[in-house]
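Next come two complexes, and both contain chain A; in the first it sits with chain B, in the second with chain C.
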Partner chain A sequence: MLRFIIRRLLVILPMVLLVITIAYALIKLAPGNFYATERGLPEAVERNIRQKYGLDKSWYVQYGKTMWNIMRGDFGFSRKYQDQTVNEILWQAAPVSATLGLTAYLLALTLGLTFGTLAALRQNSALDYGSMAAAMLGISLPNFVLGPLLVLVFALTLFWLPPARWEWWVKIGSGGIPNPRFLLMPAVTLAALYTAYIARLTRSGMLEVLRKDYIRTARAKGLSERQVVIRHALRGGILPVVSFTGPALAFIVAGTVVVERVFAIPGLGNYFINAALNRDAPLLLGITAFVAILVLVFNLLVDIAYAFIDPRIRY
Partner chain B sequence: MSEENGTLLSVRELRTYFETEDGTVKAVDGVSFELKRGETLGIVGESGSGKSVTNLSLLRLVPQPPGRIVSGEVLFNGEDIFALSEGEMRKIRGKRIAMIFQDPMTSLNPFMRISKQLMEITQLHLGHTRAQAYERAVEMLETVGMPDARTRARSYPHEFSGGMRQRVMIAMALSCEPELLIADEPTTALDVTIQAQILELIKELKRKTGTSVILITHDLGVVAGMTDHIIVMYAGKVFEQATTRELFACPGNPYTKGLLRSVPDPSHEEGTELYQIPGLPPDVARLPPGCPFAPRCERAEEICRREYPPFVQLNHDHHSLCHFAREVYDKSCHERESRKPAQEFTLNAPQSDSPATEQNQ
Partner chain C sequence: MLSKFRSNYTLGALLSFALLTQSCSSTASNDPYFGRVLPPEGQVLHYITGSEPQSLDPQAMVGQPETRIAVALFDGLVEYDEKTIAPVPSLATHWDVNANGTVWTFHLRPSAKWTDGKLLTACDFVYSWRRGLSPELAANNASMLYYVKNGEPFNSMSAYVRDPSTGRFATTDDLERAGESGPVNFSGTEPMNFNRNGLNCDTQGSQAASLQSEATPQHPQENSSSTTEAKYLFVPSDEAARAKLLNGDPAKNKPGQPKLARFIEGKQFVSVTKENVGVRALDAYTFEVTLEAPTAFFVKMLTHQFFRSVPRQAIEKYGDTLWTKPGHIVTSGAFKLAEWIPYDGVAVERNTSFWDNVNTKLDRIIFLTVEEATTMMNLYKAGEADAIGTNYVPAPWRNQLKETKRDYIYGPYVTIEFLAIKTTMPPLNDLRVRRALSMAINRQILADRSPGQLPLTGFTPPMEGYEGVKGTDFNPQEARRLLAEAGFPNGRGFPKIEILYNTLESNKQLYEIVQQMLKTNLNIPVELTNQEFRVYLDNTRNDRLNFKGLARRGWVGDYLDPNTFFELMTSGSTNNGTGWSDPKYDRMLMEANAAVDPSVRAAKLREVESYMIAQQPVIPLFVKAIAVMRKPYVKNFESNLLDQHNWRGVYINHNWRAD
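Moving on, here comes the complex of A and B:
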């Protein structure tokens, strides 16, 4: 197990460097640059800028220098927010996105597991059909529609919640405890899709497990239906949900990009869009690297969790 | 009620149906039998004949829906099982009636240590503390012949062979000292040598504890040396019912005769093909009006296809569902007279387990 973890950790570094390289190539190949304006610049000014940022050097010198700095953990200054380093921006924005993403995932996990299990236990009941219909809706309604819809109802019509932005309720470092009034709508918007997925995965997983012979054994022991489900069925039933956690994180990262835009939240997703629009290469690489590491580490954690849940799996 | 040799279990006119897309599957259709305290009853029949559903019905474990116990009465120690509340029923399951299943590979929870799976049942029914339950689990594993029980109790099911898992199942089933043990094809999924060991174990534990046993199997060879009575099932119905000795000696039903012929005979030469009853078990959702076995029966005549057969009493304790029960019975008794030595051998063969098969794996 330990060897497995070490091996996987060793793979993460080259993987991240590969991701950064691909991102680097895409940025270089994209038309436009960070200093261009609509009116155009005098040639001398442009030459000066290119010299200042080392853009006049050959591509492999630029690439080598960038990679060397990144490996030392230094992404440099943002091109757009000139007085901030990329690391400072990550430090500010990551807690916001992490809070939003984690809240959404926990929400999705709680609701999805609950409704998925109940639907499986009362197969073909009104509750089953109701939750699965809601899940279908959650899957087919895109977050950029659901978000504005919620804003329209709860912020602009009922005035219950603020329509946008973010507030730390208690500030600790660059993160803290979020103000739930600002967190609620974005979290729900982001969670909808995963709630739906998890509910459906849980339902089919539980239905499959409840048909297993060992569940019949558990019933024949005289256990109550609740004990049968909680002690014997749940563990096998949620395995599909556990394996989904890895991809789910990737989806959530993608989801935050949209949701943070819709709700004007100063998280990584929002910075990422701005950085792309501004051709802010250092910031783009910084966020890409951060997310890549996050996803890879998370997938490793999922595999470890899997081995803990299922004793038949040994690495 | 608990007098020596009193009736432990009495099943009357049990009917369990399944509602499926193809119509009503009459999986169990009017089954009756009795089991005396300390006795062993064999339930034999081809696969799909309703053996498992009969016994699941006794514990009210038939999946509902699609299953439904339509009618019938089950008295356990004189107590009407179908009149009990769910809570009262749970106090009987696992404690007074325990069940082991066909496939030990899938009948144990793969995510749980076997110690925990064993402890669960005594904690539930006997109010054991964790420590007591653990000691009991180890003791039971030793009883069923698990070597190195204390260390191996902490293993997961996948770390055991099929035979060992079935021993674990037996340990679990017997840990509350049930009055009735139902073993549903306990050896079908196992190798032949392991089969003999498991059967021997059940026989030995039964002798020690005095538990009554229902042994379900599709192989008459398995029950020969184990049971006092046998009921033969086909298409959800009891086709023949007799003491083991009588059934092997003078079968009164063509179906039973077919089953007997398909038992591997140790006196036969290697390589000779085993007899098989021609055709397939019927679709119990749409049975023909006459005898359900008629289409496959060698003895069948016009009347068999037209009229449902009577349940004929052949002897004090011997019944057969057949239009020609008496004839078949007389004929097999007569055949037996003329071939006595060979028949006797078949009857005794499964009892004479050689000591070599008794080793642990």
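Moving on, here comes the complex of A and C:
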């Protein structure tokens, strides 16, 4: 087990560097540049800018310098947000996205597991049809429709919740405890899709497991239905949910793009979009590296979790 | 990668569609205002300014959202008038101009201070303007200071050419006189060093300089050098760049300059330094600017944040990028930085040491940084924001808001929308074709799509003191006749052209109408091509012109003078984007700008405009409109031509219903 973890951890670094290299190549190949605006620049001004940022050097010098700095953990200053380093931006924005993403995922996990399990246990009942219909709606209703709908009802008609923005209730470092008034609607918007997925995955997983021999054995031993479901069935039934968790959690934290825009939340999402639109190479590389690390780490955690949940798996 | 961007725009479109229903349901109500009207406690304004500031350094920023914050934080020589946007005295109590408009002397207010208590002096301006031009800062806006003597040569790292034997400098005349026959004696004297007769701001520092002045202030005309100083010859000071100029650059299709090479052979190159830039402090409170050429509109530019003074003490201590951090930043305006949360907002609070603090009414302004237009409208509607900057009100909402809501304000904006014609491409190199295209477009229909927009056939929005000219307007019969005359009767044989625009739903809707007009009236096929913003910028550059026929352009005036538009079409302009270049036009514009008398100048500018429009390198479409939301309790906040605000006068009237 330990060897497995170490081996996987060793792979992470070259993987991240590879991802950064690909991202670097893509942004260099994309037409346009970060300093262009609608007002064209005189030749001299353009030359000064290129010189200031080392763009007059050959590509391998630029690439080498960028990679060397990145390996020392320094992504440099953002090209667009000139007063801020990429590390500062990540430090400010990541806790917001992480808080929003984790809340949404926990919400999705709780609701999804509950309704998925209940639906499986009462297959073809009204509860089953009801929750699966709701899940279908959750999957097909995009968050850029759901978000504004919630805003319309709770912020603009009932005036219960603020329509947008973010507030820390208690601030610790650059994160803290969020103010639930600001968190609620974006978290629900973000959670809807994942709740639906988890409910469906749980339901089908459970349906399969409940027909297995070892469940019959458990029942034959005389265990209570509660013990059968929670101790035996659920462990096998949620395996699909667990494997879904790795990528989902990473994307939910990094990719809250739409929800963050709709609710004007100062998370990573806005930066991610704008870094690409602005050809802001350092920021784009920083966020890409961050997301890549998240995905790889979460996948590792998921694999470790397998070993605990599924007795058949040994590393 | 690109498809990702595109889906983002589609998403925005869907979003606005989803929220359209929302607006309709609310605007249908009889409420005279959009959403809740809840004045904040105290004198606090929540203003949505747009996207996250690029920087708080007035010399580094280029976008409009952050310039509004800069105006609150940094005092200018002159400040915007809230209604007319004309320059009103601020740091400069008054100013003089010499007879030919090349030397401007600003008399500064001795009571002005930085937030750290240091006095704000003429040396701060000398430092700031030199910094704005310095190649190391590499400011995007540096060319705004090219009007200042030697601004361009300093910014572009040029050098004077000196003859080591005589010590004299080469002028452009010398180069012209240099025949094939023999050497020419250089005629230029030692170039002007603006430190010499003013305060030496470098050694004394901005603070000390204010107290002791060795130089006696002189009348600007006595030491004005611009009229007598020769036109020096400049070459790149960097050897490689110079070699490229002399030998030509085959990659850019530039021929070599053998005559120049022979002319400067064996000569010395003296780099243009910051002391050569035409700014100096005559004494602690007298700032003198020498311009390259007579420039009548110079003071109108000075409201722009790029000309505002930056704090030398903080920049030298923390460096060019880190000085704007909360805790480091030193400012001079009516407000100072309180808090900056990226992608949420920038809060500024009253600067009690500001010289005009008694007349500042707001205690705090929170500039909210929000990007999605519908989210802005939601915040406004819920009463979480008191005003929204221009152009964020989604276009489809505007006509209805105009009919039903009193807090929607609109008016003309110094922004024009036009089509640039690639005049180098046949058949568009034929004037008759260009005019035919222009006459096939019914501008009234385009303008009427949003309240306050005006059809445009000339090249200037309405401006005080200048009446723009009229160009070719909608006339389909004449258009067809011209097209037939050019060899395309009823559009037969006309090659396929395109309209290139940057990807945006509103652009698509607009240019589909134009496409239809060209099809109906001239029977010519026009394709619409959209490109992601930065790709589009690259392809419409004057040195690329990588589009087939027409490209959409919008131009926001930087200051309230026709020159901000006419400058676009000059030969050297990187913003020209048409391939059209006419030395006569360049000369006419220069002459007009040299006219000191406003009515003479206006008449000359009209000639400039008619000359250019008659050549039709562009198809003007309409003048855009300001669209602002402002709660009824926000007072002294107008929908002016630039949507810039003099924040000092704005206030919250808690008793607004009584008005």
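The definition used in the following text is that the second predicted complex is superposed on the first by the 310 of 315 C-alpha atoms of A that agree within 3 Å, B and C clash if a C-alpha of one lies under 4 Å from a C-alpha of the other, contacts with A are read in each partner's own complex, and residues count from 1 in each chain.
Just so we're on the same page, a residue touches a chain if its C-beta (ideal position, glycine included) is under 8 Å from a C-beta of that chain, and two chains touch if they have at least 3 such contacts.
The structure displayed is predicted, hence computed values, not measured ones.
Colleague: Specify the outcome, clash or fit, for chain B and chain C once both structures are aligned onto chain A.
Modeller: fit
Colleague: Once chain A of both complexes is superposed, is A:223 in touch with chain B (first), chain C (second), both, or neither?
Modeller: A:223: touches chain B, not chain C.
Colleague: Scan A:148 for contacts with chain B and chain C and give back first, second, both or neither.
Modeller: second
Colleague: Compare chain B and chain C by how many residues of chain A each one touches, and report the one with more.
Modeller: If we count touched residues of chain A for both partners, the winner is C.
Colleague: Report for A:36: first if it touches chain B alone, second if chain C alone, otherwise both or neither.
Modeller: second
Colleague: At the CA centre of chain A, how far apart in angle are the CA centres of chain B and chain C, to the nearest 10 degrees?
Modeller: 160
Colleague: Could you look at A:58 and tell me whether it touches chain B, chain C, both or neither (first, second, both, neither)?
Modeller: In the superposed model, A:58 contacts neither chain B nor chain C.
Colleague: After lining up the shared chain so the two structures overlap, which partner does A:213 touch, if you call chain B first and chain C second: first, second, both or neither?
Modeller: A:213 contacts chain B only, not chain C.
Colleague: After superposition on the shared chain, which partner residues are touched by A:45: those of chain B (first), chain C (second), both, or neither?
Modeller: After superposition on chain A, A:45 lies in contact with chain C alone.
Colleague: For the combined overlay, can you note the least CA distance between chain B and chain C, rounded to whole Å?
Modeller: Minimum over all C-alpha pairs of chain B and chain C: 44 Å.
Colleague: Once the two structures are superposed, pull the chain A residues common to the chain B and chain C interfaces.
Modeller: Of chain A, no residue contacts chain B in one complex and chain C in the other.
Colleague: Across the complex, what residues on chain B touch chain A?
Modeller: 59, 61, 90-95, 98-99, 101, 103, 106-112, 120-121, 124-125, 156, 158, 169, 172
Colleague: Applying the document's contact rule, which stretches of chain A touch chain C when the two form their complex?
Modeller: It comes out as residues 26, 30-33, 35-45, 47-49, 51-52, 77, 80-84, 89, 92-93, 142, 144-145, 148-149, 151-152, 155-156, 159, 162-166, 258, 261-267, 270-271, 273-274, 276-279.
Colleague: Flag every residue of chain A that touches chain B in the complex, lowest number first.
Modeller: Those residues of chain A that touch chain B are 212-214, 216-224, 231-232, 235-236, 309-312.
Colleague: Can you check the complex and tell me which residues of chain C touch chain A?
Modeller: 1-2, 4-5, 8, 11, 14-15, 18-19, 22, 26, 35-36, 51-57, 60, 62, 135-136, 138-140, 142-143, 146, 152, 155-157, 321-322, 324-325, 341-344, 368, 370-372, 374-375, 378-379, 381-382, 384, 532-535, 537-539, 541-542, 554-556, 573-575, 577
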